[in-house]
Amino acid sequence: MILLKKYQEVRSHSLQLVEPLKTEDFVPQPVVDVSPPKWHLAHTTWFFEEMILSPNLSDYQVFHPRYRYVFNSYYESVGDRVARPHRGWMSRPTVEEVMEYRAYVDAHMQAFLQQEEQLSPEVRDLIELGLQHEQQHQELFWTDTKFTFSLNPLYPVYKQGGALLHQINEERGWLEQEGGMVDIGFEGEGFCFDNELNRHQAFLNPYRIRKDLVTNSDFMAFIEEDGYKRHEFWHSEGWDWVNQNERKAPLYWEKEGQDWVHFTMEGRVPVRREEILCHVNYYEAFAYAQWRGLRLPTEFEWEAAADLFAWGKRWEWTQSAYLPYPKYQKAAGAVGEYNGKFMVSQMVLRGASVATSPGHARKTYRNFFHPQLAWQFTGIRLAESL
Amino acid sequence: MILLKKYQEVRSHSLQLVEPLKTEDFVPQPVVDVSPPKWHLAHTTWFFEEMILSPNLSDYQVFHPRYRYVFNSYYESVGDRVARPHRGWMSRPTVEEVMEYRAYVDAHMQAFLQQEEQLSPEVRDLIELGLQHEQQHQELFWTDTKFTFSLNPLYPVYKQGGALLHQINEERGWLEQEGGMVDIGFEGEGFCFDNELNRHQAFLNPYRIRKDLVTNSDFMAFIEEDGYKRHEFWHSEGWDWVNQNERKAPLYWEKEGQDWVHFTMEGRVPVRREEILCHVNYYEAFAYAQWRGLRLPTEFEWEAAADLFAWGKRWEWTQSAYLPYPKYQKAAGAVGEYNGKFMVSQMVLRGASVATSPGHARKTYRNFFHPQLAWQFTGIRLAESL
Amino acid sequence: MILLKKYQEVRSHSLQLVEPLKTEDFVPQPVVDVSPPKWHLAHTTWFFEEMILSPNLSDYQVFHPRYRYVFNSYYESVGDRVARPHRGWMSRPTVEEVMEYRAYVDAHMQAFLQQEEQLSPEVRDLIELGLQHEQQHQELFWTDTKFTFSLNPLYPVYKQGGALLHQINEERGWLEQEGGMVDIGFEGEGFCFDNELNRHQAFLNPYRIRKDLVTNSDFMAFIEEDGYKRHEFWHSEGWDWVNQNERKAPLYWEKEGQDWVHFTMEGRVPVRREEILCHVNYYEAFAYAQWRGLRLPTEFEWEAAADLFAWGKRWEWTQSAYLPYPKYQKAAGAVGEYNGKFMVSQMVLRGASVATSPGHARKTYRNFFHPQLAWQFTGIRLAESL
Amino acid sequence: MILLKKYQEVRSHSLQLVEPLKTEDFVPQPVVDVSPPKWHLAHTTWFFEEMILSPNLSDYQVFHPRYRYVFNSYYESVGDRVARPHRGWMSRPTVEEVMEYRAYVDAHMQAFLQQEEQLSPEVRDLIELGLQHEQQHQELFWTDTKFTFSLNPLYPVYKQGGALLHQINEERGWLEQEGGMVDIGFEGEGFCFDNELNRHQAFLNPYRIRKDLVTNSDFMAFIEEDGYKRHEFWHSEGWDWVNQNERKAPLYWEKEGQDWVHFTMEGRVPVRREEILCHVNYYEAFAYAQWRGLRLPTEFEWEAAADLFAWGKRWEWTQSAYLPYPKYQKAAGAVGEYNGKFMVSQMVLRGASVATSPGHARKTYRNFFHPQLAWQFTGIRLAESL
């Protein structure tokens, strides 16, 4: 009954997360990348209905015949769907109806999981994938809700004490690595995504990597020394991004008189200098490293050294583009669309963040985002070739 | 206590209108022209706070210091405001908070209106303007909610029996008018908008005008005879609109097999042939008239004959651009921004619609919209020069 | 042989206009509204080939089978065409080939016009229309070339002494008009466009109108008194235009230290204070009038008084939207697309400009442009209701 | 005098390339990525003036004071410049003036190169870079001119026999590679770009790679088997690209009846089945490989095997993102902007093409383009992990 227990834990965690919200907070989608909380709750439920219940239970009745269309995200194999930018147009189903949808699917899933031992490995894997998928949306709930709240001139407070603030580095200094042949990719018993496979060998040149992440104080120095005004630190398209958006600081930061404040899930508060920097995009991470005369680590350098430093507070930008590992094979059918089709134009982030759900972190985990995005809880770890 | 009574009637009518909504329905803004119901409720309240209470009551405390910013629509004189396309980003204030805001302002306004007789004519006029303004937003509530619901693949039902459907023409035929000098513009005791002034003379050539409005059946014939495929009936920019948007029928219409259905506040229902056509834009109204070898009336022709035919079911497109009357003078200050600054690039509509609030119609009333818009309850009355 | 002579005059005038250009100047189209000179030369030629030669000469061979497609402007009746924004993509046909095309069509037209007396009135009218059409493109040549040159950091000089500069007012003061019934629209023997018909009566309230046009000096005062910074003078969409484009002065004006310079066909030269203002759009003309406490005349007020003041140096913005006259009837076929399909969303300009070709001005002439456009030689005449 | 001779050869090659053009062909820029031939000729000249003559000759007078602004491409260090999308707006300087500019700079450069032996290594390297730069623009001349011509409904012919057509594979079959440690990056005496350094070791897993490139015939099979209609072969953003642009075949291909024709520098001609495929973008290359159950090689796999197969006819898409090599160091100053700032969001191409200038190919050469671009002479070589 391990899977059942995990199912119940993950599913109830989603409900805990939205507990502080008002009904209205479940609706808006201010930009295309940011989905409404209501949508996250329903889409993760749709995954179980579409991928597990409908194919495996011959007499299963879907909760609502249109939800297949309304809550599909990007699975071409499943058919047409509400266009992504239109998720915020939908006031219905209501939050209450979405909760009924969750309860309905949960009831069927829990009955289904009673015979856990009789389930085929493929089905068990799919259920595990559904739970991992929901955990990813739990993190997106944080980032999306923070983004939407930040645009509101009333600066809504999610929950006092619930802002995921005040992370500091516990150790500092360089870690020297001699490189050579290393093993990369997932190995072992538990779950991993297909993009962590196949485990393979890679060769690393000697390098060193920081044990600590860049702090707010560090980054303020970059700003004060005109980091956002000097093109030589930036990629060409990063420099365009700076100028077109008139960027002068990380996302959510604003100058009030001489001081920096930033929007958080506890509202607008001063930026504490000693805390670990958050919400930079790849362009900013790269520019900061250039200014320091250093660089970001590759994802392999990161993975090879990950047992030797603390990680898990920020997703950490790497200098690696998101590409398939040797012999990468995507699955057949809809779940094959999970990772592989995004392997272009994105950069890899390693680690995990304060917003990552419990049990969802792994040193071989490969997160990925477009270089202009900073609404994840992202940070910077520096490296250098030796 | 006439003004007090009217205040109470108008304000409570707004609440009646939103009564069938779910909380979530108050939030979305799918396109820039369509505001969330929550915003309509708050903005109309803001008008009384900003224009009446704050200037006239020295000890008045605003309900919330940021609402001046959040709920200003387009009054440059009042200062900065939330950009219009961002109204749907705001989950807060909640509906409940907006209702508290209304109650707070209502309590102060009602106390203020106890001394109704002692109020200056200017203040009374402003209060009257505030009520007319709220009635305009009551109509916008209909049009905006219908538009947002129509985009939802679940086709929400506002209220059974509440769809403003089933209007038919009560009389038919031509009305011949010999023209000559006519008086145009508002005259009398009651309220009018500044754009209905000054009353002045105009000369009309002989014309005839229909007593009935174009029906669904009439318009189906236009569609069937390739009205949307023959450029010769359309303005150049109307033809571009047809092609860029692949339009083949009025807003909300869709073909199901051989039959037309349309989205209404009662969901998706068949188009009844005998009913009066609704939701055409100016381009469509013009093209239809061209196809018939007729034309739309000018706003003066309409006004001069309005006592002789039934009107009030559709806003009726005229062939007149929205321009000032002779000696038109806009008021000083923020209320001067009410009408005058929109007198370019829009067309005049005359009449009133089934969605117009009780007591808000007048034969000298000048409504105005851009030619591509059809989300109002608009229709077509034909005319011809003699 | 009157038509032949006029044909030769008009056609050779086009060639005189482009004589100072370099071959490269014939190619660019920097914005969609501005066509390449090469295109103007060929499109006006296409008109004669398509409308006169092909339909009337049974053995006529078109110069090039693809030119019908390449040089059609907006005639839906004639079929598909190169999309308007793509005119500047076409390096071919070369200028030389276009000149050969002109010579070929001219040779056939001149032969055709030998039997001038035997031509039907309809054909004669079409030829006349073709010549008027070419004259309109001669004026567009000025405005388009000026616009393109102005974007070049090298500030090309069209021709010394060829800049159409130095117009001043010859008289000043108000002209009072008692109004009443007036006759509007073309009457007489010569050519007019269909939009000048039918001649009809209109009633005017008493007004006065300036004998002089607004000067550069006048407009500098508007700028100095923050005319571009005070919303109260502007239409709502005019104010958006100001802010989105960061406009601070008329088109082609730039501040150099304390002085204004402007780009002209003689390059960049100081703005002379006493000269008549040029290159304002409708929003600017309206805002200027508002600031002065005056208004623009209607097109009927203008026409009724036009014999009493000097005009012809600027196209003058009126307060009238471009709409059909009573009993306006567009022609059948392609030439019916000449005027009528543009009668929405545009404002009427009256008069003529220094760039208007000789013999092309008429007091009943109705020019029209969208309110944001200022690349014509436009100016401001003020009026006031009495 | 080696450098002088090379200077003369490279510079005169540019002139040979443009020899078949008409003056008008030097002007248009239909899309932002495609620069006018005139601009290529002047910008490459600007490089020598700005980087060599001005800094090294104290009495050097620039040819024209504004050209520094007009012909800078993307060098932030050099200052402001004409915005890239506006290059096609500039009819001046004329082609003749650009030729005078070239002659002026050539005269000074040739005098300067008389003392070739006395030049510092840094200056010699910069001159060499300027020549390599000009060779890159020679290739861009081909691709840009082809693209512009292809948009012209008259289908201009560059030169009979000058279309770079009819390349076929000389050998076929798989080449097996056992992988292991390989040396990557430039080594030796001659010129290389900074992005080819530092030479370093990399580890390769066993793989095989094709000796031949994909042919038109191969790709037709992909089209016929619905390659452009089956999402499962495409990246998510590639699939969006297909649908938004309604792509059904490679760039320049069109179906005529049952046959494929394509636009070439010799006009529109049939696609020959046996020839090597050209003008696919990364999305298409990836999708084709997916359909075949194979993949693209990495750039290291390509380089490690490049001595064993024929290359040089197509730039070949690899599965590698464009990223810096270990210890990559960009140069100080403007030339440091040459490569490094583009190392994000682009894919590496290896090889060289039929449009590459003589002497410009190298097996360590790293070309790079955004994944949606296909106007280079690009092709597909397949690989597979063993």
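By written order: A, B, C and D. Residues from 1 in each chain.
The rule is simple: a residue touches a chain if its C-beta (ideal position, glycine included) is under 8 Å from a C-beta of that chain, and two chains touch if they have at least 3 such contacts.
Not measured: the values here are computed from a predicted model.
K.L.:
Mind listing the chains that sit against chain B and also against chain C?
P.N.:
Of all the chains present, none is in contact with both chain B and chain C.
K.L.:
Which chain maximises the distance between its CA centroid and that of chain C?
P.N.:
A
K.L.:
Roughly how many whole angstrom separate the Cα centroids of chain C and chain D?
P.N.:
45
K.L.:
Can you work out the whole-Å distance between the CA centroids of chain A and chain D?
P.N.:
36
K.L.:
For chain B and chain D, let me know how many angstrom lie between their CA-based centres, rounded off.
P.N.:
Roughly 57 Å, centre to centre.
K.L.:
What are the residue numbers in chain A that touch two or more other chains?
P.N.:
none
K.L.:
In the complex of these two chains, what residues of chain B are touching chain C?
P.N.:
Residues 74, 76-77, 181, 200-203, 205, 231-232, 234-239, 282-283, 286, 295, 319-321, 323-324, 326-327, 336-337, 341-345, 347, 371, 385.
K.L.:
Looking at the complex, which residues from chain A come into contact with chain B?
P.N.:
Residues of chain A touching chain B: 22-28, 30, 38, 66, 69-70, 82, 86, 88-95, 148-149, 151-154, 156.
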